[in-house]
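Remarks on the structure that follows.
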């Protein structure tokens, strides 16, 4: 199995976190799957992902004090593997796990994903439960010094045969359920102690090996960021996606900061290897956080976000409540031309960036290998206004690439407004609203 | 209760760690107390301290893999308070705790001390045990993110009324047993996460408050070091002793490094407030570490250590196996003139230090307030050779202090060799062996 | 020469920086000396200090662009030693240096101080000038990699015999002028390159040696801060004063922060060794900075500053324009009871500190060595309100010290208001304005 | 001008540093150019580069004390621009600069390069020389706080119009001489003060602009490393080459460490943008350093170095003394198949790396866009033994790439030994000497 064949293009889907926090239920997951199948599937959206603490019976019950309740009531099987809370996921009762729910999602032509925390439940270690496939018990495979600094559920695993056996047993179980996607948390940037080496590297390799053994093509997504740019090769070697920022929310400062992140990671986007800009906090979000709201992003900011994610070729995981989605948000998620920028034959790159503006391009990798006739060649160029007021932005074809400079002039088609225009004096020149973007399909003007 | 009245001079005693590691038993403690009463008590030695994991039934049983066994079998009472392992401390059976052993130690005219880890047992939190004096249970008062990075037994306590209640209940229990001294670990230098504030400050205050409430004069000793010099006032406010280094062992590099530590902390030695140079690894040590040996220090180094600790006025906690102690080591522990430097009316200070040598003095605080006649005034001066070969060292009376410079010449009495000599041309000048010391009582030559 | 005999109590004086920046002239210095002699001398004020760039002919002429003009026109003698700008200090003409001005200051019964930058003029090195007392020329004794990061005038000196010769020649010249006090800059906290050892340690020792050789009792003051608490002994060994903060100005945040600094350094105040809280920005300041103003401190803050500096026993260097000083500011500088706290027989210490308040005490060192009768014993206690609104503050006699607790009640005399009152229930209890202080002489109530 | 068109493939040449340090002369440069034209040019070697301090009349004369003599005697024109020392470069006399030497190099069909330090001579600033194209004089465009921490010659330039004018004047002069390549030093990793932003970013942009203005295609190479991976885009935007390590010498530890560097930078090698592994210390080196020697690298290590540099597509700058070059070293520099890996249609990448071994591949970018028939497709695979003893290494075709896995078996041609063999069971399996490499041309076995 080659992990780069699991995700030929950046994964697209819905994840329960932004709306439900830790509290999503089976019924809600199904409603979202139904919506996706009906309205989004044809545009490439396919993953339905249940985020953190689906194994907790208490999740969300003390939200004023704790996002993650210490020593809460979690469901495990006899081998110390977390299983869904039957109160929240009734079909999982009787040891069936997420199999029935995954089957349902699959029946709609979609894929099913779950969140896991790196490690083994603290409770399993304290109870000294047996571990499948090894003589070592949970108290021996668990490392009591390897904890997550924001979630109290797990201990990291020792880098031993026993530790590997636990991950093997876990992936075997989850593959058996039909899981297609695992978002593994506390593993992408989890430096624990001052001066310690990063504790997640070895566990990433262990999970990768467990996936290879389990016989199922499970996409591996690593959280939280920021990932370490100096170890880019390592992420690409073992995972399909890795978060390049800490949690992303509907705040312009975070969105503006993503331009720096994308600049830094742009050369590492490859087939099966996706630096991840994190979820899209669009539409209705925040209910589980006791802060239900329409996204704080302006419409311009929303377009900027969608455009940057697609130009860069980040995975897209929408956080909105899907049933009853408003037309505007739906239009963002179903713009075929924008989404086509994610295609595997394409590649994004930053052209320039200042305090006030950024320009990105997104091209076909094979752009220069044709027969020499570039009449039908095309590329996309996005002009982002990072300022707080409207600005006229400009970029020349030459700056977009030597080969485009030879075109002299180009026709332009704006992908959000669906307007046609053309360059003047070899330049794209346009007024862009504050925090907004204009993104063009650019073709040689014949 | 004023904690500075608990320890008018630097505490002196024996601690089980250097010889027994985690494994000391009641019988062994009693043998050491007997020895101390018979041979050391008259010289000021009084504390008998049981070090780490006296509550563990497994301690030491997997020494090749773990110093501290993860998820080991610890003894707790129903309130989640650690109690002695009855297998190792038979008199503690039936809920009597350390009371019988403390009574025994007291009967010899000595004092009894124990080691504790900051926090509440992880097992108590996992079991959600009740906490005496509060409605909050152990899972509520424990902080699952506050762990020790080298011992797996405990969680830190939340800084809440419930957390204080736990410490109050703990000190109440231990005061009831007759504990005179608590060495609290994982609290003196326990920065946990990158950038986090030091997690031990608040717990130090909580334990101090619990001692004030418990009604017993319990000396509070904080470990491990190095303590933070920029918070010196804070340590002095709440504790009696605090470690100024990480664990100290019989290694010249560590001993040489202590000169820097003492330089740094010398102005912070006050009545009831003792920066602590850590245990004295003299005589036979290391058995519990599977490395039983006579101390690796040369005799010269041993004198250097004893002299520095006493000049500086550090607490003295000997680590040797006491029963059967050799005459040499015993002579180090019973040199009255050296030990007198610890006196509360005295004060130590560094006079000079280079790569090759250091000079310290130790004076009566009231040296200059007498009647003007300094014929009977005296002070101590120690010349340390930090080099690896014998060297002639010299220091003038004037350098030792302006007031001594006026003496012109002084009589000298070496406290280890018990030799008399005098200054020449106003200077102490002496050959000192590699890593060795000459320490003099200095009086005006009449 | 023992440098601790140069300044038996914290130096008090006026320094030209806060009002004149780099521009002070001979006439202005004399006016300030005259004022000091007439109005302040009897209260202990004695140093008149000419601050930075008295050797520059251009100083202040491009104040909108540069505080210190790069490559400006500086006056040097043929040995590469800076001498006063004759345009600004006419009496220095003809190679007389500061001698005539120092003589004038001395004639008033005052002392004369100057500011120097660590090192040798860059221009001297570029010109390869000879250095007195060595064959090495300026380009050889100068270290081209050792610069100051905020002033462009100098290169640091190599730690060689030639480098020492330069400092010896400098101190010899300045001693010949009659300089009593040197404020040496770029030497107290001047870490230059990442990871480099602090470049000022060795130069501090070199200047100390040069002072010892020069035959004049010159107080050595080190700037800028913050000094490094872990090297406290080193500062005390070689200097009389060292700055514990970066430049201090009339801003409450800085004043509030000084409480942390004083907490940290309180045990290092000794005869001849003064951690320095920096200048007092009182009265009219800021003219040379193109921001002439009455101090931004409220009257309460001014009293807080004066009280903290005196309780702690910091040097006092007033920054106000003295001629024409207003009555209020004059009253701050002439409160004998406040100033008496600086006395060499006294010692200050923090009693407690929270977010909202701090309490300091200042006692006679010999307080407990009398005849046992403490009827005439006294101490000072200051209650500072660090909050932004008036608060009632309280402290018990017992908290001020065990020995005061035995008094039961005490008479209180407030040193600013000159009011009498007494404790109630053994406590000082008083309303203190925002950012203000009440400071009492405390005596046993008979 | 598009800087990416200046260097379509990684630049190859000779640089005077490794053999001559600061001392190379015109005659020596010409001898090297002659050798290159005669023996190396046909293999792609073309740049002849004069390294540091060609403007110094003293260079090398105090080599026991200084590599770079402080305040040495440098040649400048009246505009403060450094010009060659006429003593060392006689043809430069009379203001002709490097023009005659560049002409000579060009006449051989080669290109001419020089080293510069970021900034303007300190001496020019001290002398307040005029700057061409601006009213600002040298003392105004120079930043006295921006120095190099290992060379004393220059001050950095202010980021002003005046500063830009200086760089414009400099590039204009050097372009006029016929310079084709500039190695700019103290600019690639030159963080100066703790916490300061990196002072080289803006000057890199300024030099880039000056090159654009000068009208000549001058390759810009930045030193010293390590470059900052988080700013990779920035380097690629403004420079052609940038050093990814500190100075590289003939030491296995440094060579082994280069594998980590190449792993990190591999995705940033693009046309006109070359992360630079630094010079090749082959053959005879070290004379100017007073350590003349044949390279300390074993022959295996030399092949490893050449192979890694070429697989990765680093620039190649040989440091050997060329005249009289031995056959072995010449064979390393003239292996056409190894050098062909640098081709612009190729791309290198790490396949795997452990403590003991590393595998790299180097492929045609267009490998998968052909007609589907891959019978004539080829790639290169290198197996490096990083261990200190001979090891058998193996890698499967599948691991080299999914598409190669489908070949089942492949023919192998070793590029150093010029041996033919083939895979077994789909694997390359070979014994490789300690620190050595086997590098194969891999083709489908038909």
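Odds and ends about this structure:
In order of appearance the chains are A, B, C and D, and numbering begins at 1 in each one.
To be clear about the criterion, a contact is a pair of C-beta atoms (placed from the backbone, for glycine too) under 8 Å apart; a residue touches a chain by one contact, two chains touch by 3 or more.
No experiment lies behind these values; they were computed from the predicted model shown.
The chain with its Cα centre farthest from the Cα centre of chain D is B.
Averaging C-alpha coordinates per chain places the centre of chain C 53 Å away from that of chain D. Chain geometry summary: the mean Cα position of chain B and that of chain C are 39 Å apart.
Centre to centre, using the average C-alpha position, chain A and chain C are separated by 58 Å.
Of all residues in chain B, none touches two or more other chains.
Taken pairwise by the contact criterion, the protein chains form one closed cycle in which every chain touches exactly two others. Across the assembly, chains come into contact as A-B, A-D, B-C, C-D. Put simply, chain D touches chain C in their complex at residues 70-71, 122-123, 125-126, 128, 139-140, 142-145, 147, 149-150, 152, 191-194.
The part of chain B that touches chain C in the complex is made up of residues 2, 4-5, 229-230, 232-233, 237, 263-264, 266-268, 350, 352, 366, 369, 398, 402.
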